[in-house]
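Below you'll find the structure I mean.
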Amino acid sequence: MKLITAIIRPTKLPAVKEALFKAGVRGITISKVSGHGGQGGIVEHYRGNKFVVEFHEKVQLSIAVSEEFVQPTIDSIVESAHTGSIGDGKIFVQTLDQVVRIRTKEQNADALTPVAA
Amino acid sequence: MHTMSRRIVSSFTLFLACSVFAVVLGQEAAVELSTADRIAALEAQLTETNFAFDNLALLFFAVLVAFMQPGFALLEAGLHSAKNVVNIFMKNFIDFAVAGLAFWAVGFSLMYNRGNFFLNGYESSFAPTADFFFQMVFAATAATIVSGAIGGRMKFTAYIIFSIVMTGFIYPYMGEWQWGGGWLSERGFYDFAGSSIVHAVGGFAALGAVLAIGPRLGRFTGGRASAMPGHNMTLAGLGVFLLWIGWFGFNPGSQLAFSTSGDMTAVANIFVNTNLAAAAGAVAAMSISWMLFKKPDFSMTINGVLGGLVGITAGPDVITGLSAILVGAIAGVIVVFSVLMFDRLKVDDPVGAISVHGICGIWGTLAVGIFGGANLGVQALGTLSYSAGAFVAGFVLFYILKLTVGLRVTAAEEVQGLDVAEHGIEGYTTTDYLGDPVVLKAAGD
Amino acid sequence: MHTMSRRIVSSFTLFLACSVFAVVLGQEAAVELSTADRIAALEAQLTETNFAFDNLALLFFAVLVAFMQPGFALLEAGLHSAKNVVNIFMKNFIDFAVAGLAFWAVGFSLMYNRGNFFLNGYESSFAPTADFFFQMVFAATAATIVSGAIGGRMKFTAYIIFSIVMTGFIYPYMGEWQWGGGWLSERGFYDFAGSSIVHAVGGFAALGAVLAIGPRLGRFTGGRASAMPGHNMTLAGLGVFLLWIGWFGFNPGSQLAFSTSGDMTAVANIFVNTNLAAAAGAVAAMSISWMLFKKPDFSMTINGVLGGLVGITAGPDVITGLSAILVGAIAGVIVVFSVLMFDRLKVDDPVGAISVHGICGIWGTLAVGIFGGANLGVQALGTLSYSAGAFVAGFVLFYILKLTVGLRVTAAEEVQGLDVAEHGIEGYTTTDYLGDPVVLKAAGD
Amino acid sequence: MHTMSRRIVSSFTLFLACSVFAVVLGQEAAVELSTADRIAALEAQLTETNFAFDNLALLFFAVLVAFMQPGFALLEAGLHSAKNVVNIFMKNFIDFAVAGLAFWAVGFSLMYNRGNFFLNGYESSFAPTADFFFQMVFAATAATIVSGAIGGRMKFTAYIIFSIVMTGFIYPYMGEWQWGGGWLSERGFYDFAGSSIVHAVGGFAALGAVLAIGPRLGRFTGGRASAMPGHNMTLAGLGVFLLWIGWFGFNPGSQLAFSTSGDMTAVANIFVNTNLAAAAGAVAAMSISWMLFKKPDFSMTINGVLGGLVGITAGPDVITGLSAILVGAIAGVIVVFSVLMFDRLKVDDPVGAISVHGICGIWGTLAVGIFGGANLGVQALGTLSYSAGAFVAGFVLFYILKLTVGLRVTAAEEVQGLDVAEHGIEGYTTTDYLGDPVVLKAAGD
Amino acid sequence: MKLITAIIRPTKLPAVKEALFKAGVRGITISKVSGHGGQGGIVEHYRGNKFVVEFHEKVQLSIAVSEEFVQPTIDSIVESAHTGSIGDGKIFVQTLDQVVRIRTKEQNADALTPVAA
Amino acid sequence: MKLITAIIRPTKLPAVKEALFKAGVRGITISKVSGHGGQGGIVEHYRGNKFVVEFHEKVQLSIAVSEEFVQPTIDSIVESAHTGSIGDGKIFVQTLDQVVRIRTKEQNADALTPVAA
């Protein structure tokens, strides 16, 4: 099992979500983050004092998947989040030792199959 | 704030002006006056008192109308997204400033005084500046109605130019038709406080503007309208309360004469009719939205309040309380369906200004023909003239701006938000730390 | 807003009404009038002027009272959590609308006019609609006091029904006891602007409501009261400033006669006494909270302002400035301890409405017996009648609602927040992106 | 709010007071009166009406000024960070409360009544309490100007003591120089509504305070001024709209006589001049900021509005409309450069109070010498006396506070925010969950 | 050493916090996240346009523990965060290569023992 | 490749950012979190009811680096974020299996070299 963490542009979230659903991925946790990389900062003024906002709003997706879903997940994200301009973001893949579903105490792969409400 | 001595001097002014000997408060007059002189002095004094009273009333009503300016700003800010609030407040400050300057320099003259600019030579039953001030806040209202409809995408420069043209020329030119004694007033058109002259003009200029500039990005994608929820319903709610209260200046003040019992009874009736229509508009819009969407909808309800208020504005002095309720309730229903219709037509009006001011403005004007005894044909002629004229003027003006200074910010700026793009600052900054206070902020993607 | 010609016509109305020839401003009369005619004309005119003045004053005071409506909405919104603000504003809009309609149709008649509905046949020293409008904003106040106390858990439908019953029946029925010339007025009860009649009635109806509906989930767990901090102190602060200002309509306007020097001197004294009590209430509540909690507490201080204002409302015209300070300061102290007491009693009143309006309403009424020369026994009888009556009416009404339409949302809806559960929309939407603007939003768990 | 019978009684009061038989509204008098008696009765009645009118006008203008109190609170809150809003509102409530108490007990006497405390024995052409109430809201304004400038770092206790001294002593002592008939009034100094007496006094007391307390942590690091953006531009914008409206009480009300056509025409002119200056200030500050920073700056524009208003305050009655525009526009330019200058001088004034009220207060006072016919030398003497006096008084007072109760919170408290540090509660609580509602909140680092 | 990441219902945070303290866990970092899984979305309306909010508010806890605390931590969370309805959340376990306490430069297990203030 | 996660005081962010830039680190993702550890809670009052805020605001930095940057990154953070008082925070180091740059589809080390806009 892998934990795939993707940092993407907020405006791309709808497309990424759609692509992930098509790839059969259902369980996603997202959070708002601020990113710094190659993108230039934005200059603002307040009462005559200039300042540069060096971070850009990004959305981070955390997706735990079993092995067979790793590549499809990465591919879906790369396809759907891509614009070609600096700031498109990164995908990080890490190994998961264990997964537990709190509701059922199911473990690992079993814990990763979502159930519709 | 002067010294005591200055006070006493100004207390004497009255008597000097009357050019008669007189009794000072609580003191016997030193010299015996003839009966005729005393009566003449009383007549002069009472004329003064009535004049002072009329002007004070008018000025206070104007101040209530001035509360509509923050009312509109808050309503618009609440129904737009957080990234555009600075731009919205800038527009609302500048259009109020511009109205104060352009309507003073030019507009008022065009409307009431045929080309004597800067209030020169203006005559009125009021102090000329009091008369002007009351009319000025109306001009500002007509302009600011447009602000909300084109929010989130228009260049600030274009909006400033619009404000000048609207308060200096368009509104005065069309206002003259009725309130300046022009062709519509000659035909017996009736529009007490401006359902057409102010609101339909504002609302249909907004329609022209929206057609010229197009919808916000993402508003109509995949063939359907998508919700773009406003960022703060508390602001919107406070704004509508201020507008409701401001309307107690807008309609009653339009009586324009206050010192007789007939006038003041009319003013009191106008208060109650105005309030009944607003209340009925709220209840009707809430009920309709409840039926349509299964829940009583907030932004429709507050639009219903405003629809009711716009609806009653044409004839609050000539209809009964029950009719006022009907006028308001129908306006409340109209608003909901009108907002839905403009969405269908892919006309993106984030605050419902076209429905509230334009469509309900037409309804209110017609309603005086139905409930208030005005000639329905003339009412239709008048309101359609105002609506069509304002629409064409708005569309043409904004189309010219599009071809010249440019009307719309870039897509990237729109996504980023007008606050940073146009004014270089965000409306809300939630974090501040020492040293480099803004390091935790993040610019739009 | 009429044409010039209409203005001139209305300027003439005065004289036509008097049926005399007259001098037009600055012009000699064409025809010689007899002295008697001129005096009669002046008498008639001055009567008109005084009538106009009295009505305008009353209407402006009513507008100030109307500012209390957004004041209450903001205070309540600020002291509740962010997930309930839409519901709070909906309640405050709808109870104001309902007051405008129900008090007009029924309530006003019950209170002042014995069953002539829709203002029919009502006589007054004011224009009937002006008189009504002033009384209507008081009725709305009595109703809206309840809104805050039951916030965060009541079904919207139940609240609408309550608003109708409160402004159409409960408040008018009980108001008649004193202001309608009923049994309490005959006994010499004194309640100038309604410490009991408006505030204790609102506050104790709120107590009945709170007992019927129970506390918010999680408010009293593990045997102790837990803090549920309001989401926005800025809103609460602005709300209390509007209430403070609104009280300058509430108390001075209740003088109900303005055109003599005696009345206006009374009005001015009422302004100052009202302000002294509010100021003393603020300072006292701040000081007590400072002693009790080691820090000067904000929400207690603003409750202290309101406590002082409610306290002075029964007798701002009959006590000295020093007594006003005492009345306000004691109210400020009472508020703090009362809020703590109701927490102990597990009565969940998120905004302190019961303490501010109920308990301080009683105190203010008694204070007129202590400082203002009223009969203390009668004052006690009156205020207890109002408090007990309102409590029973509130409790019974809400209990019936509980058994019929249902009083309380489900636990899941309460956790989710009334905004989404009852109105299908959130109050605050912080993020919006293109295409699917709401995808980044997250519903409550 | 009394019963009908009480109303009739009070209607009679007028006539009893006049000690004559009279005609009741619409009724023939039972007894034939002599012509002389009828004229005397009319004279007495009209005097009453005018007195009532003057007082009502003054009180309503005072209420408009009272709106400036939430206006200042919102502006300050918006331009400070979110962690200090509770403290800002506490200061604005308490300074208004303290002004109501201290100016009543002591200040008013020092300023106008030479040592008769508690309004005792005060004589005025108005009802004494009306006169006091109007002056009191001015005193509160002078005090509250300081609040914004020292925001984010001052101990609450120190601010309370300052409020008492300012409204009880400093402002009255210096106000007496002109409005109390003191040495400056004898020299022919002209300051109609207080560009110097209220605003420069507030602004320069603020400068003294800021120098005594020093800048906020992190404001001037590494030799340069760093931006510390205010947390909420919507609040700031609403605040300035309320201030703009409040100024329609501040300047016109300072006419202090209303019942003649001359006075009321002056009042109307003052309305328009006040508005022209505000509008010109907005446009000028916006334009200058646009040139300097490449974007039209919001916080500079709203400071421009206020600068224009402060500038016109000294002579709105004696200058032409065109001059008013010039005065306002120059003030708008001054504000921008003044704010930049104080940043260079490392004077940390988060809201620009020193520039808006202090510097533009001086400008406005001098402007009456330039445009309004006052003696420029005397104007300079007067405004410099006020500025220097207030600066010294402010600096000395705060320096004494520094040495005694302490002026500044600790660095840790400043970083944490004054809301939690001084009042034990945050201004904004965004999350609440059941059971332990505040568990998701996080204290400052 | 493991990094245990739990995604839970916000309403369960007090109980989970309590359970963790009982289990001897003191160091916790939490953040607000939005989750998508089997839970149905919530329908809202704005000015007549329906939209579905597909994400639910969740709280994410990140807890670094030495080996002996792994199972107790997981057990405490599962016990205390459980409601049985869809949406209870997941627990992810990952290996930590290194831990540093910034205040003391202590490493690994030493860095994980909290000290009372 | 490692993912370095640092939890620091918000007030230290400017210094940490500076130090990281000096160390040649450009790609950073930050988020606001709330932390619980040895730091005491803060007592507040609301309408007479005392409550303790047990979490403190912290900032979390996530930095993906190739091996040679691991130690410099840790060192820079420890230096710049250190105050010596309880609450300075922690650094966690985890192994990254894979990194993808969305814009270019570059993988791993290549994906970690930022490009200036």
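Per-chain numbering from 1; labels A, B, C, D, E and F assigned in written order.
By definition in this document, contacts are C-beta pairs under 8 Å (C-beta built on N, C-alpha and C of every residue); 3 or more make two chains touch, one makes a residue touch a chain.
This is a predicted model, so every value here is computed, not measured.
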(request) Moving only from a chain to one it touches, give the least number of moves from chain B to chain E. (result) 1
(message) Just to confirm, which listed pair, C-E, C-F or D-F, duplicates the contacts seen in B-E for more than half of them?
(response) C-F
(request) By the contact definition above, name the pair with the higher C-beta contact count: D-F or B-D. (result) B-D
(message) Using mean CA coordinates as chain centres, what's the gap between chain D and chain E in Å?
(response) 52
(message) Nearest whole angstrom, what separates the Cα centre of chain E from the Cα centre of chain F?
(response) 18
(request) Mind pulling the residue numbers of chain C that touch at least two other chains? (result) 35, 39, 42, 46-47, 49, 51, 53, 60, 226-230, 232, 293, 295, 297, 299, 415, 424-426, 433-436, 438-440
(message) By the touch rule stated above, which residues of chain A touch at least two different other chains?
(response) 10-11, 17, 30-32, 34-35, 44-46, 51, 54-55, 58, 87, 94-95
(request) State the interface residues of chain B toward chain C in the complex, per the touch definition above. (result) 35-36, 39, 42-43, 46-47, 49-51, 53, 57, 60, 64, 81-83, 112, 124-125, 135, 138, 178-181, 185, 191-194, 197, 217-218, 221, 226-234, 237-238, 240-242, 244-245, 248, 252, 254, 256-265, 267-269, 271-272, 275-276, 278-280, 282-283, 286, 293-299, 301-302, 305, 321-322, 325, 415
(request) Give every residue of chain E touching chain B within the complex, in rising order. (result) 44-51
(request) Enumerate the contact residues on chain D facing chain F in the complex. (result) 415, 420, 424-426, 436-445
(request) Sort out for me which residues of chain B touch chain D in the complex. (result) 1-8, 10-11, 13-14, 17, 23, 25, 35, 38-39, 42, 45-49, 51-53, 55-56, 59-60, 62-63, 66-67, 69-70, 73-74, 77, 85-86, 89-90, 92-94, 96-98, 100-101, 104, 118-119, 126-130, 132-133, 136, 156, 232, 235, 419, 422-430, 432-438
(request) Would you mind writing out the residues of chain F in touch with chain A in their complex? (result) 3, 17, 26-31, 62, 64, 94-103, 105, 111, 114-117
